[in-house]
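Same chain, two partners: subunit A is paired with subunit B first, then with subunit C.
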Partner chain A sequence: MVAYAFSVGGDSDPTPLLRGENLTRLINTVTLAVGVLCIVTLLAAPMAWLAARSNLALRTTLSVLAVLPLAIPGYVMAYALKGMGGYGGMISAWAGVNINTPTGYWGALLCLSAYNLPYMFLTLRAAMFSVDPSLEEAAFSLGRSRLSVARNVLLPQLLPAFLAGSMLVLLHVIADFGVVSLMRFETLSYDVFLKLESGHSTSRYLASRSGLLLMGLAAVFIAMEMYLLRRVRLDRAGTGNVRRRRIRLSALWQTAGFALFGVVFLVSVITPVTTIVYWAWPADAIGAAGDASFGFESNRSLMYGVWPALWDSIYCSMPAALLATGLAIPIALLRARYPSRRAFVLERLPYIGYATPALVFALSLVLVCLWGMPGPLRGIGSALYQSLSLLVYAYAIHFLAEAVGPIRSGLYLARPRLEEASRSLGHGRWQTFFQITLPLMRHGVIVSLVLVFISCMKELPLTMILSPTGTQTLAMAVWSNTEEVLYDRVAPYALAIMLISSVLVGILLMRGRENN
Partner chain B sequence: MLLARRVLLIALLTLTVSVLGLPGCESEDTPNPDASEAGSIEVYCGRSQSLVEPIIERFEKETGITVNVRYGKTSQLALTLQTEGERTDADVFWAQDVSSLGLLAEADLVAPLDEKLFENLPAWAQPASKKWIATSGRARVLAYAPSRVNEADLPQSVFDLTDAKWQGRVGWAPTNGSFQAFVTAMRQTHGDARTLEWLNAMKANGAKVYPKNTPIVQALADGEIDLGIPNHYYLLRFQAKDPAFPVAQAFFKDGDVGNLVMVAGACVLKESKNQENADAFIRFVLSTESQRYFTIGNNEYPVVSGVEQNEKLVSEEALRAAAPAVELDDLQDLEGTLGLLTRAGLL
Partner chain C sequence: MALLSVQNLTKRFHVDHPAAVDGVSFDVQPGEILVLLGPSGCGKTTVLRMIAGFEHADRGSVRFDGQTLTQAGDTPKHVRPEHRNIGFVFQDYALFPHMSVIRNVMYGLHGKRSDRRVRALQALDLVGMTDYAERRPHELSGGQQQRVALARSLGPSPRLILLDEPFSNLDASLRENTRQEMRKLLHEQDMAAILVTHDQEEALSFADRIAVMSAGRIEQVGAPRDVYEQPTSAFAATLLGRVNLLQVNANGCEADSILGRLRLDREVHGPITVAIRPEHILLSDPSEANGVHGTVVSQDYKGHDLTYRIQVDEQIVTVQSDCRTTYPEEASVALRVVADAVVLPAK
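Let's turn to the complex of A and B:
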C-alpha cells in the first residue's frame, strides 16, 4: 500500500523526499525517541533490579504501582500536564502562581517517558528474574570486581530483554501522535497527520512521503535490533532451575529504592490523576457550561457527552477485539500444534502490523480506499472509507500481535495429549476443537479480547482518521477538547478511559491469580 | 500437514470475510441509523462542536428531526464531499469559511436555496452566487498580552509582525480555516509572491504554531507568546468565564488585511435526499433565536438584520471601517492558499 503511495508520489511532484520541514521533523522524531529511551532505561533498570534482585520491602506492591501508568494513555498524560500549569491551571488555582508546565520537546519527553516506563520495567524485571546468579558468583570467585561482573556477566545476559524493551519504546514514540500534537512538538507522525488533513490536492503525495520516512525509521530501528542480537546465545548448558538470590540492602539503600519508586509514581500517576480530578470537580464544570449557553441547555451535568462517547468506544472496539482474537486463534494454533516454516512466518506477520506506525497504516488505507481502487471497484473503496468495518479491520490488524501472544501461551499449557485422546475416542476435529482445545485456552482468549479491546479504546490516530461520521470515542473527545483548551470538559472522558482500562486489567490479574 | 493447510485456509478465509463481508452487512443499516418519524439529516460541520452543538440540539428538540453531525476541519470535509460526489450521505455542509463553500458551488454539488432567505442579510454577508448562505460573521484581530506589550507599541499592520522586535513572540494557527481565509485575502490584496514572502518571514521570525485559535489565546494568558492573530470571539469567551483574563485585542490600522471580516456559511447539497429537512435546518440557523445565540452566546456578529448584537462587540460601523476591501467571493481559492502554505512548509 505504501509502495503504491510512493510510486504515485514519485513522479507527479517535483519536491524532493526530504524537504526542509521534513528533515527537521525527522530529526525531532529521532531526538525524541532517543531521549525517551535514555530516560526510561535510566529509571527502569534500577527499578527492575530492585524489584527482581534485592530484598526491597514491599517490592511486589511497588512493582504493581510501577505498572499503573499503563492505564493512562500518553495523550491523557499530555492533557494533565497542560491542565496543571498556565493561567487558570491547577497550580495557579492552588498556589496562586502562574507556572508554565513544559511543552514542546520537554513536555513530550516527560509524557512519553512516563507512559513508556512500565514497558521497559516489565521487560527488564522479567529478564532479571531469569538470569542465574550462579554465573555471577562464579565470576566473583574468580576475583572479578563488582563492576566487572556487572559489565561482563549481568549486562550481556540482559541485552535481549533490553533490546526488546527498547523496540517497544522506540516504536511507540515514533508512532505517537496524541502527545506530540498536544505538546506542539513537530515529529514525522504529526507531519503525516498535518498533510493528510490539509486538504490540498498534492497533500496525499506529501503525506505518503512522510509516511514512508516514518516506516523507514521503524525499519532502521528493527534492523538495528536484529544486528545487535546476532550471534547472541544465552542458553544454559546444564539442567536445573534458576536459583533466586536477593541482595540485602542497607537501610539507606532501602530508603533510596523507595524514593525512586515513589518519585516515579508521583510523577506518572499521582500528578496526572490529581490534575484530572481537579478539573472534574463539579464547581468548575457547572461554571463553564453555564456561561455560553444563553437559554440553551443551561444545566448540563458533568457526565454530559460521556455516555455517547463511551458507547462509541465500545461500538468500535468490541468488534475489533472479537475479530483480532478470531484471527489470532488459528495463527496460534498453527504455531503451537503444527510448527513449520510457514506457520512461523504466519505468526510473525502480525508484528509487522504492530510495528507499522498507526498513522502510516491509516494513511495507506485512506489511499487505497479513495484513490487506489481500480475503476469498477472505486465505489467499494469510497463506501469503505470511514466505514465502521474499515476501522474495525484496521484496529484488528494493528493490534493482532497483542491477541496472538496470550492465546499461544494458553495453548502451550493445554497439552496435545488431551486432544489426541479425544480424537482416539472417535470425536471429529471440530468437536475436539470446541470441546477440548477451546476450553483449555479459554483464559488466553479472554486475555486477548481484553487487551485488544483496551488498546482499541485508547487508540487515537486510527480512530480519528478512519472513524465513521459522527463518531466520537472517549479518546477523540479527550484529544479534541484538550486542543480547544476545554480542560474541564476533558476530565470525565479521561477518567472514563483510565477507569475502564484499570478495572479490566485488574480483573485479568485476579483471574490470572486464580488460574495459577 | 493436511490439517495445517486447512487451518491456514480458514485463517485466510476469516481475513477475507472480514475485509469483504463486513461492509456488505453494514451498509444496509448505516444510512439512517436512528431515523425518527420526522426524519433525519446528516450535517458535515467544519465549525467547532462546542460552538454549534447547542443550536443543533435546540433544532432537534423543536422539530424532532434527528441530526447526525460529522465534525471535522472545513477544508477536509469539503474534500470528502468532493470525493464522495453523488454518493454522499450529507445533506448540509456547514463551513467555517467561505472558500470551501465556493469550491462546492463551483463543482456544482450545491442545491439552490430559497431566495427569500437572503433578503434579511446585509450586503457584506452576501455571496454574489447565492449558492450558499452566511450564518454568522467574525473578524480577524490582533490579540496581545497587555502586561507585556503596550497598546501604543502594537504593530499597525499584519506585515509588521515579521519585525525582529516580535521574534518568537507571535502565535498563529496555519491549519485553521479562518487563518487560511485570511491568507487567501492577503493573496487578493498583495499577490502570491508577497504573501509567500510574508509566510516565510513569519516562520523565520519564530512564529509559534498552534492547532487552533483557542490555544493561541490561552498561550497569551500563560505567557508563552505576546501577540497572536486569532478570530475576535475566542477572547470574549475566555473573558465571559473570567473577567480578569489577562489578554486584550485590537484591530490593525483601518483597512489592513489582518482585520479581515468573514462569515461562516452553509449550503444544502444537491444529492441530499432530505432537502426539506435540510432547508428547515438552514432556516433555523438564520432564525432570530439562533442569531441571538450566535451573538450573545458565541460573541459572533449576527448576519440577519434586526438582531441586536452583543454589546461586547465593536459596532457594525467600526467593523466595516476596519475591514479590508475584500469581498466574500474573493476568498474562494483555497487550493492556491494551501499550495502556498505547503510551499512555506507550514502544512
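Let's turn to the complex of A and C:
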C-alpha cells in the first residue's frame, strides 16, 4: 500500500499528505477517538471499582448487564439512534413530538462510547481484582491517607490495564466505519471507504493515502502505549495469599452506584433494543411510518429476508473461524513449548493484524490483488479479488489475535508434563497431541471459534469491500438499509445479530462455569 | 551386565551458563534402586529427563538393556521417549485430568481393549487402587494420585522406572509408609529404579545405592551406610546430615584437635579436615570425666533426641544426644569422641 500511495502519486498528484481535507479528517478522527476514550474512562473506572472493590448489592448481575452492549455492534446502535428520533421515529410515534437525535460528532461519540464501554470496564475490573490489597494495607499502615494511597499505590498498578483498554478503544474508534458513515461524520476510515467505493484508480490512490494516515495514527497510539509502559514492573514480590477486602458503601452511595449502572444500561442496551423491537413490530411501524415513502412490506416477508442474509453470514464467518483457530493452535503451541525470540515475535504478529484498521487492511488486500501481483500472477490476483477465499483469509488474519488468547489460556491446562507422561508411555508426538493436548485445550478452542465467528458476523468494512458480488450478510443488510432510511427493514437483521451474539456468548459463559 | 549405563552425560541450557549436568557417569544393575541425591538446582532432574529422552544430551551416552538410547557426538543418536520403554513418575504425577483412573493406566498399554483393561486392573491391584478405577484424578487424594501414577508407569512392565521426587507432595506421615510400600513393590517386581530427591532421610531409607550430586557432577556413589559414614567430601558429609568439620593436624592414624586426640579412619600426615557426626560425640558430667570440656550454648529438643550446640575453645560443636540426661544452657560438659574421624580429601 505504501508503494502504491507513492508510486502512483509521485507523478500525478503532489498534494502533501497532511493538508486540507485530509488534515480535517485526521483531526476529526483524533477528536472522536479522544472524546470516546474520555467518556468511556469516566464511566468505566467508577463502575469497575464498584464491581471489584465495593460491596455494591447485585454487583455480579450488574457486571453482566454492563457487558451486554458487546452484543450490539456500533452500527446497530447508530441505526437505533437514527430510528428513535426524527419524523416517523419511535419517539414521534409514541410521544407525538419530533426530537432530533444527535448525528455527526455527538451521535458518533454516543454510539461508539456505548459500544466500547464494556471493553474498558472488563479490563479495569480484572485489574482491580488482581491488585493485591495488602499493598494498600501496607501503605495505610505506613500512615498514608486514602487519597495518597489511591494515587501512589492503586493508580500506578492500574496503569497497564488502563493503557491496554485505551488501546482497544482507540483502535476501535479510528478503525470504525459503520457508525461514522451512518452518522455522517467524516473520519479517515469513512474517507477510505468512500474513495474506494467510487472505483477510480485516482480515488483508489487517494484512499491509500488516507489509509496510510490511519495506519500512522494506529502506530502512534501503540508507540505511546509502549513508551508509557517502558519501565513498569508489577510482579508480586514474595509469596503469600492475596486476600480480598471489600469497601462498605453507605445507602446513599449504593443508590448512586445503582444509578450509574442503570443509566448506562438504559442508554446502551434498553434504548436500542426498544427501538429495534419497535421497528420490528408490524402494527406500530405501519401506523407511524405508514408513509408511502418508506415503502413498507409485510412483516412476514421482512422476516424471510433474514434467512438468506443469515446464511451468507454463516457461510463467510464459519470458515474464517475455523481457519483462524487452526492457525492460532500452532502459534500458541510454539510459544508455549519452544519459547524463543522468534516464537515470541510470531505470537505478537496477530496483534498487528488486529491493530491494523479493517478498512486499511481490506484496501491493501484489494491493491495486492489488482495491482501488486507480478506479471504472470496477475490472473490469480484478479481471480482472488472479491472471492470468498480472500474474504475468509482477511477475516481470519484480522481476528487471529482473538483466537490466540483463549487457546493460550487453554494450553495452561495441557501442561508439558502431561505430554511427557504420554510420550514415556509409548505414544508419539501426533498421538499425544490428539489424545492429550487437544482434548485438554478444547474449551479454549471452542471459545476461539465462537469469538472469531461473532466478530466476523458483526464485521462491516472488510465484508463490504471484499465480499463476493451478490453476498449480503446481516451486517451489510443493517448498514445499507439504514443508509436508505428503510428502518423497518433493518430491524429483523439487527435483531438477528444481537440474538446470535448474545446466545453464543451465553453458551460460552455457561460452559465456562461448568468447567470451573 | 548393567541394565543402564550412563557415560559422561553433559547438558548445557545456555551458552554462557555453567553446564547443568557436567560429565555424569553411573550404572544401574537389574532390580537395583539408585537414588540421585542433591540440593535443588544440582542437575539431578535433568539427568533423569535425559535418560527418559525428554532432553537431548550435549555430550555422553545412555545405554539401556543392550541398546544405545542416546549418543551425542559425531554420530548422534536420540531414541524418542515413546520408544525407550522406561517408566517415569512425575513430581506432580501428571495424571491426565480428562481420563478416569483406569483409562489413565490403559493409555500406556497396547493391544486389544479388553486385554488392556485386564492388565490395567492388575497394575491398579498392585498399588491397591482397583476400587477407584472409575474415578477421575481430581477426585483422589494426593497419596492415591501417587499410587495411580505409579500403577500407570508399572503397567507396561518397564525394566527401569524413573521417579522424580514422587514423595515430595505427600504429607510427612504418609510419606514414610508410601516409601516403604513402593520400595517393597519395586523389589518384588524386580524392577530397577532411579529416584531423584533432595531429602537425605528419604535417600538413606530408599536406596540400594546413593549417588551424591553437586553442581552438575556426581561427588560420590555408594551404599547408604558407606556414604553416610565415609563421606569423601565436606559437601557429601553435610548433605547427608549434620556433621562437625574440624581442621586438625594429622600424624599418622591420630590427630590433635579441639576435641582432644582423635583416631583417624586412615593414615595421613599434615593439616587436614576431618568429619565427625554429632551422634559420635558423647557428653558427660565434667566432674565424672576428664578430657575436653565445653559450655552448652543452646539445645534443640526434638522429642526422640536432643541437639546441643557446645562451645569448645573458639568453635561451636554440634552434639546429638538422647534425652535421658539433659544439660541446661551455660552448663559445663565433658565431650568424648567415640568413633574414628573421617578424613576428607583436600580440595
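In the analysis below, the second predicted complex is superposed on the first by the 485 of 516 C-alpha atoms of A that agree within 3 Å, B and C clash if a C-alpha of one lies under 4 Å from a C-alpha of the other, contacts with A are read in each partner's own complex, and residues count from 1 in each chain.
Following the convention adopted for this analysis, contacts are C-beta pairs under 8 Å (C-beta built on N, C-alpha and C of every residue); 3 or more make two chains touch, one makes a residue touch a chain.
Computed from a predicted structure; not experimentally measured.
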Subunit A as common anchor, with subunit B and subunit C clashing or fitting: fit
Touching partner for A:R246 - first (subunit B), second (subunit C), both, neither: neither
Dominant toucher of subunit A (residue count), subunit B or subunit C: B
Partner chain in contact with A:R146 - subunit B first, subunit C second, else both or neither: neither
For subunit A as apex, the angle formed with subunit B and subunit C - C-alpha centres, to the nearest 10 degrees: 150
Which of subunit B and subunit C A:G428 touches, first, second, both or neither: second
Partner chain in contact with A:L323 - subunit B first, subunit C second, else both or neither: first
Distance in angstrom between the closest Cα atoms of subunit C and subunit B, superposition on A: 10
Overlapping contact positions on subunit A, where the subunit C interface meets the subunit B interface: none
Residues of subunit A touching subunit C in the complex: 413, 415, 417-418, 420-428, 435-436, 439-440
Subunit A partner contacts - residues on subunit C that touch it in the complex: 52-54, 80-88, 90, 92, 94-98, 107-108, 110, 152-153, 155-156
List of subunit B residues in touch with subunit A within their complex: 1, 3-4, 7-8, 10-11, 14-15, 18-19, 22-23, 26-27, 30, 42, 44, 48-50, 54-55, 57-58, 68-71, 73, 75-76, 78-80, 83-84, 87, 89, 175, 208-212, 214-215, 217-218, 221-224, 237, 240-242, 245-246, 292-293, 296-298, 334-335, 338-339, 341-342, 345, 347
Of all residues in subunit A, those that touch subunit B in their complex: 19-21, 85-88, 98, 100, 103, 181, 184, 186, 194-195, 197-203, 206, 287-288, 291-297, 323, 326-327, 330-331, 333-334, 338, 340, 342-343, 346, 370, 379-380, 382-390, 392-393, 396, 429, 468-470, 472, 480, 483-486, 489
